[in-house]
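This report refers to the structure that appears directly beneath it.
Order of writing sets the labels: A, B, C, D and E. Residues in every chain begin at 1.
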Amino acid sequence: MSNRLQSSSVTHLDLKKVTLIQQNGHPSINQLDLRVNHFERVAIIGSSGSGKTTLLSILGTALKPSSGEYLVNTKNPWSLSREKLRQLRTQIGFIYQAPPLPLKQRVITSVLAGKLGKWPIWKSMLSLLYPMDIAGPQNILEKLKLSEALFVRCDTLSGGELQRVGIARVLYQDPELILADEPISALDPVLSELIIEQILHHQQKTIVVSLHDVEVALKWFPRIIGLKEGQLQFDLPAEEVTEEMLAALYSSATVA
Amino acid sequence: MSNRLQSSSVTHLDLKKVTLIQQNGHPSINQLDLRVNHFERVAIIGSSGSGKTTLLSILGTALKPSSGEYLVNTKNPWSLSREKLRQLRTQIGFIYQAPPLPLKQRVITSVLAGKLGKWPIWKSMLSLLYPMDIAGPQNILEKLKLSEALFVRCDTLSGGELQRVGIARVLYQDPELILADEPISALDPVLSELIIEQILHHQQKTIVVSLHDVEVALKWFPRIIGLKEGQLQFDLPAEEVTEEMLAALYSSATVA
Amino acid sequence: QKVLKVSAIPDESPTELQRKFTPLGEYLEKEIGMKVEFTPVTDYAAVVESLATGKIDMAWLGGFTFVQAKIRTASRVIPIIQRAEDEHFTSKFIVPQASTAKSLEDLKGKTFVFGSPSSTSGHLMPRFYLMQAGINADDDFKTIAFSGAHDATVAFVASGRAEAGVLNASVWDKLVETANPNAAKVKVISTTPPYFDYNWTVRGDLDPALVKKITTAFLKLDSKNPADKGLMDLQRASKFITTKASNYDSIERAAKSAGLVK
Amino acid sequence: MFFFPTQAKFKDPDALHRLSYLVVAVIILWPMLKVAQVNPALLFDANNLKVMGDFLKQFFPPKFEHDFLAIVFRATLDTLAMASAGIFISLAIAIPLGLVISQSMSISRIGPGKGYRISQSLRYFARLVILFLRGIPEIVWALLFVRIWGLGPMAGVLAIGISYGGMLAKVYSEILESSNTKVPKALLLSGSSRQLAFLYGSLPLASQELASYTVYRWECAVRASVVMGFVGAGGLGQLMDQSMKMLNGGEVSTILLVFLLLVLMADWISLVIRKQLS
Amino acid sequence: MNRSPQPQFCFKCVAIFLVIILFFGLSFWWIEFNLRTLFTESAVSSAVTFIQRFFTPDLSYKFILKIYDGAIQTIAVSLLGTLLAAIIAFFLALGVKPASPLFIRGVIRFLLNFLRSVPELVWASLMVLAVGLGPFAGVLAIALHTTGVLGRLFAETLENASPEVTNALLRNGTSSFLAYLFGTLPQVSSQFISYILYRWEMNIRMATILGFVGAGGLGQILYYELSLLHESRASTVIIAMLILVVAVDLLSSRLRKSNMPANC
């Protein structure tokens, strides 16, 4: 087991001249070069439509680059065998802007689903009848201030609560790479801090997060990437990001 | 026509000891008293799960109070005739946290849908074949920096773009009362300001907005309502809201 | 072999067939000292198929079905018995009472209903004689349909679903005798010349001794004997006689010229 | 002018597209009306109305004689058993095949380039099998099986099982594809297997529709007994076939009532299942 | 938050599963289904010889021409019947939505159930009386039965559609019919289309069976040739049917995948 995990562990990510053309011809990511090192924490900022979600999807092997190369530990995930890629994916956790959960499902099942790739199949199947792990999800939901919701159906949750369930699933999955797309968009300021803290909690994880809240980004992330129209505008340590840079970054939105 | 609008216009809103018990027995709103005057601009803040969405839904006649009274211009909307209530609703615009749009619909149709309550039926039906008004939506999308998306399908939009389509629909609807539930949660700081500006643009509208971004709330709204566990924590002019009050407001989230 | 499996082409409804067969089966059981089992079938072709594959031992076939079975099994089926009536069988063309049609010629352009496509008296021979009268069934009728059984054909025409139809004389006579309400609503406008029809056929590899016993049992039936009379009336037979394959050569020729066999 | 604002900037780019669809539809449909000899006037033709009225009159009253009811009851049980057994076989065919051909849980779609060809061709092969199973009408299957295994329920059950298996597989996959595909996709992307992505992602979304469709198919299988009766597979259908041919209206209407009851029952079962699943 | 924190073992799931298994078991027992008889030597050999006979389809020009005519008629009958049904069902399904008055819902539900419970073959014999023998009767018979089927399928799909989208429209004063057109329909249109197309495919087969009772088309040819034991010709007809079904299947997946520049 530990052997298998090792073989598929995520150390560093490399994007080399990556372009992603959408089906309708729109280039969401354009000739992007990027390297994310092991255990690094990166925040992506940029105006609406700049390609943040798309970039994260490429990193998460959800979208295949139209051209250019994406390498995980020097290997192209798209040339891996089916089973190898599956194992790699168990080490990638994606937090969605709007969590794609079946609303009729109970919270605990939705959280447990994070471990489907790692559990033996019988355990996953049995969990549909009776949750095979209650303490684990309970624990994580507690940290996200949502422990009472454990056995509740997802459709009775508020917007922020639902978002936290999506986060809980990924924390429960316990991957080596966490990709989070605006994980705090529906949360109040205090909870936001708490959640960011939880996501960043494990030192042994590589974490890439897209954020609209620049302050939060600068406060918590040592490295900031500015995206504009699918291209890298800047890629700097948080200290070096200036007001002008931010103004220029978001300016397209007011000009276009 | 103008007569009809007048009869159903929204001047002021009154909540009297309103309680809303959810189907599973959870009280999302608890004994709330509130008055919103004509043309007033109100921001609701509060931690996740405090009942902001529920309160807005009650104001928007989407949820019926379990007890207490809700009055629009001194009339209880739930005692109106079906047709009267429909007419009243054409004057209420609701901006959702996650815009409930059919993803396969084109943006223009989604925006046009804002006027369905006001247009004669033949015009609405024809719009399915050929949009009966193109300039109007075009105009509004332009203001929201989204004019290129006019004829695009909603499922090709980014999170922030989709949120703006939801806003465009309500602006196109041009109601007298706008209720917005975290309208800027998926938007970058610059766009956020722009959108808030657009929502507040018409002086002749009553506007109630729920927000997580306290700074934006304090900056743009003269009146701030703090909600906590379904109850009114404070209801003050923006100038009078202090740091301590905010700390207390969000504290539940860290304690509960 | 302990059971003799028997079937019949479904030219009438299965319940009717079952009713007709029960006394005959009992009689045969007694005569040949062996259990006789009747399997009703609703598809003509299935009888041929079952006979060919040995699923049944003996079947009541129409002339055309016999020809089909003969071709399918390369002449390894043997016709043994037929009714005296089957030597000069006819079909009757019917129209509703109110119809103005008087001859076959008048049926052109009308909707027409046959029995089953595999029926001798309900399809093959009428088609053949229509051809002789200069009417091509496929082209000269507005629509043709297949009712599936002779009594159903009468029902089709009586109810107005079709403007004309054809069925075998034996069933027609029975319907008239029993004062069937449908029969009262139609009238006969034409009758075909006589031809050979139904017979009892056994599969070729059946024990000859058994075949002999069966043949004798049939031949022994006598309508003057009151015990046999009921049974024979049900079969609408005055007398059973032996038959041979060559009796059906003319039907085979008719089928060939009508394009029903290749 | 009013319909089509002329300013270039304000033109609906899809309008032409849609217009062409409309034109093509008319071009196809017009001759179809001719071929099918559609003539609504016939419906109101006095003579036809009378003929039909006479026919309908025969249906009343339904025949409720004790003997006949006993036969009908026995036939109903036969039909129910045949339909259920057929559905069981078709489920055994449809569930695996439906999962195989459904794109919404296709790993190769989101997943590695390698193996894409293989799984894609596997999918095409499965589609082909399904097409073949359902492309041949159940009555042809039935006739075929009758000739192979002889008369009796066996042929009917197998015919229903095979042709419905093909249909269910297709419909299952379409239901799965038209529900929210992001949910199972998210699971696949976190490394879960296809089967689990189905159980945890797609099933909760589509379970109601899948269940109600299955019940509906079962109901169809009950009705298919009419078709099966045609080849002598027994059951209600065969009774109906005989009564119909003999124009025995009372019997037909009794049998129709039984069908109606069975349909209502299926509807009710479906409702209960959907309630349970929601 | 007051919630009931209980991990429940899903006894219901197990119970339901057992009931279903029992039900199927009983069915197999009742019809005396025996797997062994399926694979007896004689069955297998007769299956083989029987199927072999189908392997030389009759491709003579004259017969193909006849099949072509039959196929066109089958397409016409099934397509028109299905379209007619789809249009009627579309409106009837509207009436069954939970929001409409109980009485109307009841009446429509019963109507749909009734239409559907009468098999096509029975409708066909009725329609033959109404409009005479021929394809038009087939169109009507298919339309009547299919209306019942599609009405039900549509209604259930509507129930499953997310109410949020529609409610959003109702809440800004849209009438319920328009909310259906603009909110619900785009969500379910692909499911509707796939049901209609799938039903069309079924009706092609049904038109075939109707052919057995005189509605013309491929079915009548098939019935005729099968009865006359002309397997080679029957196999040509079967191939033609397969081609039709493949065509509809392709069309169906094309339509579902295309962006349907509709407002849907």
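Here, a contact is a pair of C-beta atoms (placed from the backbone, for glycine too) under 8 Å apart; a residue touches a chain by one contact, two chains touch by 3 or more.
Keep in mind that this is a model prediction, so the values were computed, not measured.
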{"item": "Contacts common to subunit A and subunit C (chain labels)", "value": "D, E"}
{"item": "Centroid spacing, where centroids are CA-atom means, of subunit C and subunit D in whole angstrom", "value": "38"}
{"item": "Whole-Å gap separating subunit B and subunit D, where each centre is the average of the chain's CA atoms", "value": "44"}
{"item": "Centroid distance [mean C-alpha coordinates] between subunit B and subunit A, Å", "value": "30"}
{"item": "Subunit E residues counted as touching two or more neighbouring chains", "value": "1-3, 46, 50, 125, 129, 132, 134, 190, 212, 226, 261-262"}
{"item": "Multi-partner residues of subunit D (each touching 2 or more other chains)", "value": "14, 18, 51, 55, 143, 147, 230"}
{"item": "Shared-contact residues (touching 2 or more other chains) in subunit B", "value": "24, 26, 49, 106"}
{"item": "Complete list of chain pairs which touch one another", "value": "A-B, A-D, A-E, B-D, B-E, C-D, C-E, D-E"}
{"item": "Residues on subunit D engaged by subunit B in the complex (per definition of touch)", "value": "3-5, 9-15, 18"}
{"item": "Contact set on subunit C toward subunit D in their complex", "value": "10, 13-15, 39-43, 45-46, 49-50, 53, 55, 147-149, 151-152, 155, 158-160, 182"}
{"item": "In the complex, subunit E residues that touch subunit D", "value": "12, 16, 23-24, 26-28, 30-33, 37-38, 43, 46-47, 50-51, 72-73, 75-77, 79-80, 83, 109, 113-114, 116-119, 121-122, 125-126, 129-132, 134-136, 138-140, 149, 152-153, 156-157, 159-160, 190-191, 194, 198, 201-202, 205, 208-209, 212, 219, 222, 226, 238, 241-242, 245-246, 249, 256, 261-262"}
{"item": "Complex interface listing, subunit A residues touching subunit E", "value": "108, 128-131, 134, 148-152"}
{"item": "In the complex, subunit D residues that touch subunit C", "value": "51, 54-55, 143, 146-147, 150-151, 229-232, 238, 241-242, 245-247"}
